[in-house]
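Each of the next two complexes has subunit A plus one more chain, namely subunit B in the first and subunit C in the second.
This part shows the complex of A and B:
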């Protein structure tokens, strides 16, 4: 036992040293000699930081910020609802709880897990860009671009949670003659509901940030406003919109914390 | 990705311990949340469909199908006389860009990790109320709130927006991308790791203090050893997330696969896009494997 512990500590030292070596290696990639800052870069830093404490609070900007916030929130919400709708069937198939024999379970679960992995490996903005290149920017292109990677993550988590469900209540159901589908509806899903809801709330917070950066492919909202203000060098306005984004994220964070407290007790 | 669950479970345990013994609130927050989320979902869909003119029929129209199949066949190299993914030269280029992207991600997680290590101790609630190092000071309280608000701010601003601002200041290259990614992940890592510090068993610290150890000695011999493994796993987990996002900061001018992706998209070199996407996926899988291996090693 003592020897194992010793070995573990040894491993940790090795990993730490590896990480430090990787850091040094990555520092070598930076071109230090040619100068890192733009001419006037220092000036830009000072201006941006100076504007941090004096955001533009004129009624026009505030009104713009409120509408933009709603737009970002609306896209995040539609994206996450579609993601939930996609994740439910995919996650259930990926968990393999509906399959009766292992001969069917292994390939189907493997296939759906792979599919979910592919969906979440590609970042939402890359999906968005592919959609834009393929069919142009429509609201649904943005919603699908958001929903695909989020469905990949939520589906994976759903599959994991379903596989972790305690066996005893399920055995009780099964011995009273429940079918696989009934087991799912009356056993697996109710047991894991609280976990699923809290995790989805956390992902909703992330979806707001993702919806904001969809501005890069032209979707309106807070990110778009930030981009425009930046291009016009209106730093005070940039901070106003950033503060609205921060506020939105904090509000959702508070909400999900309150809900989580209630759900897990 | 499993770590996400792990951190979530520890969060759940924390909430459980925090709420144990508090009186049930009169307002039923579960019911309220259900109504609120349904209302929000309905309002959002109505807004997107009615005001933004979203139409599922239009999205799945025959026209779009033709466009999409055309796009995909172009990506697969039909009617291109020399698909990029069959050329050794473009493979070499993609490999180099992947290498650069990997370096950027390592630099980013290093920045985030170093920043986190420098700030995490005062950011723990147990440090604020003095139970961590058994000394309570006014500057401890001030720095707690200061660091926590910096965490929240940097966590709430997406990497891409940080990158958009940073390219105003730095010359394009690996550094601005890594800084943008590092800043955002610094906030996330800081929050996660501050919770690790809060969950540490305090008895060793008390034993050290009672035998006359200084605060620095307590940090070095009791807190750091207890927290280090979790810190490492969280950093590795965030590294997996960062590698997926490196392509995004590349879009605004930082180096790597993202920048080339943007250029190829703008020049309609779709076979190159295919190659870059393929390298990106390989890179993601590669980092997942390495990180999983290192995590098993630390366990």
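This part shows the complex of A and C:
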């Protein structure tokens, strides 16, 4: 027994040494002289860093930033709202809490879990390309592209949280005569509401970042403005838009803290 | 015509794996009796209560709840009108306000939409308020349940049981997580409620003194068997002492077992 442990420790050391050697060797595979930074690359980096402290605050840029932020926020909000509407029924079915017999529960829960998996397996950017190809450059493309993978994520979490609800209070409701549906609205949902809301708010934050990225596809918003400013080498403007993005995320975070405090106390 | 017995057990036994939780035993409980189940931990009190509540199926024997086999009383209004049970750990929905926990006793009688609507506009408020004032906490009706003390939570559980209005109240160690004063308060309320509304009451207790003081009939269990079963007035101090020794033995056995493990 002791010998085996000794051997295992030995093996681990050997593997670690091999991995370190592989890393050192891989460094030699990089051509350090050229290619890492293109000509003028260092110059560009210095400019970008310099602009960090002097964002463009001219009225025109600010106005542009506000409009773009508004659009990004609108995409994110509509997208997540649609995602919640989809995730609620799908997640409840995927959790199987409404089923009475295991013979029904296993296949239905499996089917809905699979469906949720399919929805979130494809990244929102890929969904965006698909929807732009299908319905063109309209806000609907952005909203659907956000809603589908986010519904997949939210639904999965909803199902997991519902499955983890403590049994005893539910048994008590059951013995006071509650049906499965009544159990859902008087037991499962109130018990898990605080967790659900804080996770959904976190996902709303993620949706804002995703909505910004979405606009690289050409759907407008903060990402689109950042892209244009970068192409024009207007780094001061780039930072203005990035700061607006950060501000949006911070605001959502504050709101979510407020909500959570209200729910937990 | 004499009313049907509330519970009739005939050769009822239950075991978990190799250990017998309840030796085959027979028992009749008439309507309106107030019964304390006493005995050391592991004597089978909880198993017996859960069998009476229809929550556990016995391995052997027959159970009749007011004449019906438990299978004829599926979970839902049919069962909740016959028996209601409260537990040591209250088992309330802590996140909901007190009023909804009390009104949860009505779920068996309400349609789904009425119960959903009640979360917005509480239904049968008078009923909930009356139940809460009987247990002395009407002023807490709109508080979030998690903010109550242990004693108050157990009163909410009692109010829920009274709103459910089953023919038999079952209580599994209802006071063992409360301090002595609150425990006695709760037992007073529980037994008074049962007697006033002519309910059958079966409660498991740790303290034989409390059992003697508040219940009319005492059933002592030991290793899944009935050790004695008689009216509270016929129990003498010797038997009580016997119960204490019984408890001590059980503790010795438990500590020996845990020592081995």
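Everything below uses one rule, namely that the second predicted complex is superposed on the first by the 228 of 265 C-alpha atoms of A that agree within 3 Å, B and C clash if a C-alpha of one lies under 4 Å from a C-alpha of the other, contacts with A are read in each partner's own complex, and residues count from 1 in each chain.
Please note the rule applied: a contact is a pair of C-beta atoms (placed from the backbone, for glycine too) under 8 Å apart; a residue touches a chain by one contact, two chains touch by 3 or more.
Keep in mind that this is a model prediction, so the values were computed, not measured.
A.B. asks: Does subunit C touch more residues of subunit A than subunit B does, or is it the other way round?
C.D. replies: Touching more of subunit A: B.
A.B. asks: Have a look at where A:181 lands relative to subunit B and subunit C in the superposition and call it first, second, both or neither.
C.D. replies: second
A.B. asks: Does subunit B (first) or subunit C (second) touch A:15, or do both, or does neither?
C.D. replies: Only subunit B; A:15 stays clear of subunit C.
A.B. asks: Would you check which partner chain A:173 touches, where first means subunit B only, second means subunit C only, and both and neither mean what they say?
C.D. replies: second
A.B. asks: So, A:51: does it touch subunit B (first), subunit C (second), both, or neither?
C.D. replies: Touch status of A:51: no partner.
A.B. asks: Name the contact category of A:242: first (subunit B only), second (subunit C only), both, or neither.
C.D. replies: Touch partner of A:242: subunit B, not subunit C.
A.B. asks: Once the complexes are superposed, what residues of subunit A are shared between the subunit B interface and the subunit C interface?
C.D. replies: The overlap between the subunit B and subunit C interfaces on subunit A comprises residues 265.
A.B. asks: For the complex, give me every residue of subunit C touching subunit A.
C.D. replies: Result: residues 53, 55, 75-77, 79-81, 83-87, 89, 91-96, 100, 104-105, 107-110, 112, 115-116, 119, 144, 157, 160-161, 164 of subunit C touch subunit A.
A.B. asks: In the complex formed with subunit A, which residues of subunit B make contact?
C.D. replies: 1-2, 4-5, 8, 11-12, 15-16, 18-20, 29-30, 33, 36, 40-41, 43-45, 47-48, 52-56, 58-59, 64, 67-68, 71-72, 100, 103-104, 106-107, 110, 113, 152-153, 155-161, 164-165, 168-171, 173-175, 178, 228-229, 232, 235, 244-245, 247-248, 251-252, 261, 265, 270, 277, 280-281, 284-285, 294, 297-299
A.B. asks: Mind listing the subunit A positions that touch subunit C in their complex?
C.D. replies: Subunit A residues touching subunit C: 168-169, 171-179, 181-182, 185-187, 190-191, 193-194, 265.
A.B. asks: Would you pull the subunit A residues touching subunit B in the complex into a rising list?
C.D. replies: Residues of subunit A touching subunit B: 8, 11-12, 14-16, 18-19, 22-23, 25-27, 29-31, 34-38, 41-42, 44-45, 48, 70, 73-75, 77-78, 81, 118, 121-123, 125-126, 129, 133-136, 138-141, 143-144, 153, 156-157, 160, 195, 198-199, 202, 209-210, 212-213, 216, 223, 226-227, 230, 238, 242, 245-246, 249-250, 255, 257-265.
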